[in-house]
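What follows is a pair of complexes built around chain A, which joins chain B in one and chain C in the other.
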Partner chain A sequence: MPDNNTEQNIPHSDRISADLKENLAKIQRLFTETPDMVTRHLTIKQSGKQALLIYIDGLNDKAAINENVLRPLQQEMGENSQEIAVTVGHVEHLYSWEKAEIGLFQGNSLLFIDGSERTYSLDTKGWPQRNIEDPQLESSLKGAHQGFLETGDLNIALIRRYLPHRGLKIKRLMVGERGQTTVSILYIEDIANEKYMAKLEQRIRQINVDAIINTGELCEFIEDNPFSLFPQLITTERPDTTASQLLQGRCAVVVDRSPNVLIAPVTFMSFFQNIDDYSSRWTIATFLRLLRVFAFFMAAFLPAFYISVVSYHFEIIPLKLLLTLGESRGQVPFPPFVEAILMEITLELLREAGIRLPAPVGQTVGIVGGIVIGQAVVQAGLISNAMVIVVAFTAISSFILPNYDMVAAVRLIRFILMILASMFGFVGLVIGLMTLIGHILSLKSLGTAYGTPIGPVRLADLKDTIVRVPLWLMDKRPLSTAPKQSIRQRQSRIKEDTE
Partner chain B sequence: MNSYVGKQITLFQFISIISGSQVSVAVLNLPRKLSEAADTDGWIALIIGWALSLIAGLAIVGVMKYYPNGTLFDLLSEYMGRWAGVLAAMLFALYFFYLMYDGLVRTILVTKTWLLPTTQSFVLMSLLLIPAYSIVRHGIRNVARYAELIIWISLWIPFVYIYTLKHAHWVYLLPLLKEGWLPILTAVKATIYPMLGMVSIFILYPHLKYKEYATKGIVIANSITMLLYLFVTIICYVYFSPEESHLFNDPVISVLKSIEFKFIERIEVPFISFYLFIFSLIWIPMMYLLTYCIAWIFKRESIGIPLRLLIILLAVGTFFYFPTYNINNFLVRQLFWVGLILEYIFPVCLLCYLWLSKFWKEERSSL
Partner chain C sequence: MSSSITRITLFIVIMLLLSSCSDQLNLENATTPLVLGMDLDKNKKFHFYLTAPVFSNRIKKKSIEMTGTAKTLRQSRSEQDAQTAGSTQGRNYQVILLGRRMLNYEGWFQMLDVIYRDARNTVTDRVIVVDGSVPEMLYLNPPDQPMLPILLRGMVDSTSSHSETVSTTAHELHRQFLDKGITPYFSQVKIIGGKVRIQGTALVSKAGIYKGMLDAQETVLLRILQKNASPGFSLSYQLPEEPKKSPFSTNTVSFSAGKVKTKIKTSFKNNRFKYDIKVSMVVGLSEHLFPFDVFNDSKRLEDMIGQQVTDHFNALIAKFQKLKVDPIGLGVYARAYEYKAFKKVEDDWAEVLSQADITVSAKVTIASMGPIK
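On to the complex of A and B.
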């Protein structure tokens, strides 16, 4: 049984007294206005001593307290007189109020016994929790249908189910002054490069805030470049994705109370990958990856491209197309840029409106949006048909991208590019692209190049980025994670004669 | 004085920077310049020019082998004292500024001619400086990665030029050597300017990850450049008749007018826009090298302050003065002499000096 033998270091005022009455008085003094705290007096049958059990109502499993704590203590005689006869999984001896308090609010129950100058912190945690469900943002067709929950330990268990190996190591850290959050860094000892571990740990330890409510908050504190539009760390809701990333030599950060797990370090191309890529045939997976890259460029550049073609370079449009375009634009009173901005803003409004509305009301948004965008605006001659097509195409392209954070980045980039295009045409577009490339190349994720394998070019890593080659050809882990052990597999397929 | 750990570049990045800075803006009017001097035999001059540039390039690498863990300026300080290093750094800073300014001016002039005739020069200059600043400020590695990536994404361009071969008249190339060797030798002069940029090895060399490949690198880089020029020049020669080919200012762009796709007309418009990427391969690396030189003079590790000053100087300077095509052509003609001295004659002389001084030292120690 763990015994915190640090009695000497505890200041006198913080030390738990041997006198039960004194302890009770201290509890009443410390926890004022805490109606959800339950205090229970009992007599231990074994020793006949007076005892006090306190716990927070709602954070504890009541059945466990009754069955495993109260009943054994009040009714049974233990064989060993040194031990208290409870049957919970984990009992900790604490000597200081400070530690006892942390345990209490994490869902442990505290047992004070008269004459003993310590408290037993009993693991009776149990709080309301939803069931394991399909991940919302990253649902998959063929992959598992389990998403992370709001309890860190359970999330770690879900990951362990994929990696039942002692190589999977977990480093625990506490973050936050008031709402102490357990943050666990997961890594596979003999694969992950320890420099990432060290960097992650160092950055997480640096955080000194009231509380971390969500993984996204943690992300913001440990990102390499907080001013960039691009996400430099991936948050995922999927245990299988996490396991696969761990095997590639990355680290995962599980934040208690958050259903998202952080993956680091990542590259720009990681945001175009999806766990389904590995469960579908490699040909279609490759096609889909190329499609996503195409969609990225469409979502970012198409409106800007349209603006610059229509307002600056109409001479590149073939005559027939130009006539059609002219006909559709003839009625429109606005310049292309205003037209595009209006439509894009409408689209963003509709998208935001749809997200948080309950499903029955949400349909209304779809209908209103569909009619307003699709018909009324064009019939009224405010917006050209071509612009509606462009915006619809942009929207669909942005829905193809598998990562929400990346889509968010693309949405903002689109507006910047539209402004550039409206001022300088193609030159503005190229300057925008150049700056974008320069920016992606300069970004880092936990100190590794964000642009790999495109810039710097790493040909070996291209196997699993823009394309996905057959799994049996991916013998090595990605170079970008600088794994300690780089061989992933050896000759995993029998070569049979094709006669 | 500088540490190169974590600032290393790969062989391909090395080649990309050299080839990129050679090709960039120079490719546009090279065919015209060659044909002015030697008509349709100009392409032979390219091969001679390539041989010359190889000698110069190998001399530069040869010099750097004497001091593999520092730049040229460290080498000169070591051999002749710090004053020589500072002098060379100032000289090269001016030279890199010249190359960079020429690249920027040419880019803006081309953009104004073909794409945005009414936009003011200083607006375009400020626009070009945005990506340049965002790339250069992260140091040599980022510049190298950028150059590498641009080379990769530009690989499709030659294939489009193959389309123009539909209108090719191969007889234009005949007869070979129609006026003897003399015009060809005068055309070699025109191949010096398009090969400038090798001198960046003086500063890139210590960053190179595997220094034993430096020789290979310069040979490959110069050969890629030469093959590209040869390809473009021959395409222009077989497309335009011998009389026509001096008429066009930028034949490399005009040649595209013949290409027609079903889905796009006037293909040269998106092309020139894309060419901005290739043009940027001169001013972005040169901007880094220039700021490096200045930082070296002041014994600073970071290039932040000189870079910012340079950006402000360029943006504000362009507001007051911007060269015309004629002045730019004059600048290019002067650049020929400056480049010839700094990239061809200086390395060879320096190599001889280093070799002799080593020889003397050995002689003395054996006595």
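On to the complex of A and C.
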């Protein structure tokens, strides 16, 4: 059994006493108003000594405590040895109250034995937990149907199922003064570049807060540019995505109690990739990638483009479209910008309303939104048909993007571009586009360029960017992650003539 | 890095704010005339005419016509604004209609100056001459036809796509007037029986005086000589060698050409320009109303058709020389191959060309005869 803390370093006040009564008094002093703490006095049959078992109700597996701790201690005979006769998987000897307390609140049970100046921390963890389900935000057609859970260790286990190799290393850190969140950095030792590791660890160690409730919070503390609209780290709820990213030389951060795993470093184009791309045939995967890039531009630029065309540059509208547009615009009492803002805000309202409502009520939102926006507004002559089409097209385009954070960024960019377009027409649009590109190129994700492989150009990485070439042609890991070992595969396909 | 981009962005935005959004003009606030018409009345007074679409569901008539007199087009702007709710913009002209009467006087082209000089105005509008009066056409508004601009633009574009008229844009017209080696040409329409019809191609002299007109077949030939005939055009000829059963023209052969090659050889001898033009066509027969064994005897038919085509080409050239126009742009060839000789006469090119020695010979190869015998 591990004796992993040396007694010398522990200050006297923090040291566990050999006297059981003294320990009990200390417990009663430390844990006041803690009704969910269970204190159980018992006599160990083996040695005849008095003992005290404490645990927090609800964080423990009751069956395990009964079967594997209480029953052996109270019934086993055997020789009077130093070892205690419990049958739990993991037993730790602790000498300090501080460590014991952490263990207690993580779901371990503590066993104090009279005459022994240590406590046995028994692993009887077992808290309420939901079943493994299909990921909600990143559901996939052909990929696995297992999403992450709220237990860090289980999440790591889910990842390990894909990478059963000792090369997968885990660095464990504790974050939060009160929350004591276990944050694990996963990486594959002989692939991942250690500079990312070091940077991640340094940034996570810097965090000094009460608690990290969610991966999103951690993200905000370690992001390179927190003022940018763009997400610079990916959070995923899919173990297969995580495994795939680890194999590409990236690091994953598993935060206990959060069903999202953070991937770093990433590039702008990573947000257009989806695990299904690799399980579908490469032709359709390439088509979908192109579609997503197109959808990104549509979602960001279409309303702005519409505004600038209708308010400034209607000479570029083909004649027949001009007549149709003019007719539909003619009855609208608002200028195009106001019209567009009204509709976009309505869309955002509908979207938010739909998220929080329970499914049966959610349908009502759809119906109300569909009828009010699709029909009544146009019939009342408040909004033009063309604008409704533009907004609908924008919404559909934004739903195509596979990453929620990127969709959120696009939503905001859309509004900025709409303002620019309403003030300066195409000039504003072009300025907006240039600033956007400049900004994306200037961003960093964990110190690496966010814009690769497009800027700076990495030709080899383009194989898995806007297009996805057949898997057997991607024989190198992405250069953008600067992997230690870059060969991903060798000749994995039999050539017909060499057969 | 990122902060410098922020600074540059801020700078650009501030610079842009200086120009502000004074430029803004919403579609529904603008009146966008689609037709610009110009004509002279009986007293030689310049009139302008405009047709603009009306964007409203409550008004039955879909367009509004404006008219007035002014010294120039730009001066007419205030007159235009006075007649409509919106600010009038020349950005969406689809066609420019010229009255036939205007073309009797030099200098009408200078009147178009504002179209080119004010970059806001479009130059992709089609120039069309109206044989008759412009207001008559503008106020025609036949109930069974689309709006005049859509109708005219559609007619010109579709007929010119099978080479039966030309589609001259305002921009192209500018080139035709300024290039000394060519004379201008544009399509011509007329109201016949209460309907708008494309008549053919109008030819004008360098100064802009109306000279004559080409019909559909002649226009096809013109475009072959310009090396500008789009494949698929169709030609019909009556062969005098074949029997004719009146009242039907059963001696007619029609064909559509696929590949057309035009070679123009230019030389200058004895103080005269000499052109040797060779046209070879690969054609598919689309009808021949007389019995003929094309399969075994195609050579004879090819020769007969070739003779017809050659004759018509030469008649066309004779017409050009008589009218003293050069819509083919033979002057451009002269400038390219005989620069010195051309340079001396360039200001008087049409006159010189009418003295030139031009021969055309056409060769026809039949590639397909259709699925029946």
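Note that in this section the second predicted complex is superposed on the first by the 492 of 499 C-alpha atoms of A that agree within 3 Å, B and C clash if a C-alpha of one lies under 4 Å from a C-alpha of the other, contacts with A are read in each partner's own complex, and residues count from 1 in each chain.
The working rule: a contact is a pair of C-beta atoms (placed from the backbone, for glycine too) under 8 Å apart; a residue touches a chain by one contact, two chains touch by 3 or more.
Computed from a predicted model, the values in this text were never measured in an experiment.
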Ask   = So, on chain A, is it clash or fit between chain B and chain C?
value = clash
Inquiry  = Going by the contact rule set out at the top, does A:F221 touch chain B (first), chain C (second), both, or neither?
reply    = neither
Inquiry  = One more residue to check, A:S422. First (chain B), second (chain C), both or neither?
reply    = second
Query = After lining up the shared chain so the two structures overlap, which partner does A:W282 touch, if you call chain B first and chain C second: first, second, both or neither?
reply = neither
Message = Applying the document's definition of touch, where does A:P336 land relative to chain B and chain C: first, second, both, or neither?
response = second
Inquiry  = For A:V430, using the defined touch cut-off, is the partner it touches chain B, chain C, both, or neither? Pick first, second, both or neither.
reply    = first
Request  = Kindly classify A:E327 by the partners it touches after superposition: chain B alone (first), chain C alone (second), both, or neither?
outcome  = second
Request  = Would you sort A:G451 into first (chain B), second (chain C), both or neither based on which partner it touches?
outcome  = first
Message = Just to be sure I read the superposition right, which of the two partners does A:F31 touch: chain B = first, chain C = second, or both, or neither?
response = neither
Request  = State whether A:Y162 touches chain B only (first), chain C only (second), both chains, or neither.
outcome  = neither
Task = Considering only the stretches 128-136, 200-208 or 272-280 of chain B, report the one that runs into chain C.
result = 128-136
Query = Hey, what residues of chain A end up touching chain B and chain C alike?
reply = 312, 315, 319, 424-425, 427-428, 431, 435, 438-439, 442
Ask   = For chain A, which residues are in contact with chain B within the complex?
value = 312-313, 315-319, 424-431, 434-435, 437-439, 441-442, 449, 451, 454-457
Contact set on chain B toward chain A in their complex = 10, 12-13, 111, 115-116, 119, 124, 127-128, 130-131, 134-135, 138, 142, 144-146, 148-150, 152, 262-267, 269-270, 273-274, 276-277, 280
Request  = Show which residues of chain A lie in contact with chain C when the two form their complex.
outcome  = 225, 228, 310-312, 314-315, 319-320, 322-323, 325-327, 329-332, 335-336, 422-425, 427-428, 431, 435, 438-439, 442-443
Query = What does chain C use to touch chain A in their complex?
reply = 1-2, 5, 8-9, 12-13, 16-17, 19-21, 23-28, 30, 32, 34, 53-57, 89, 91-92, 94, 122, 147, 149-150, 153
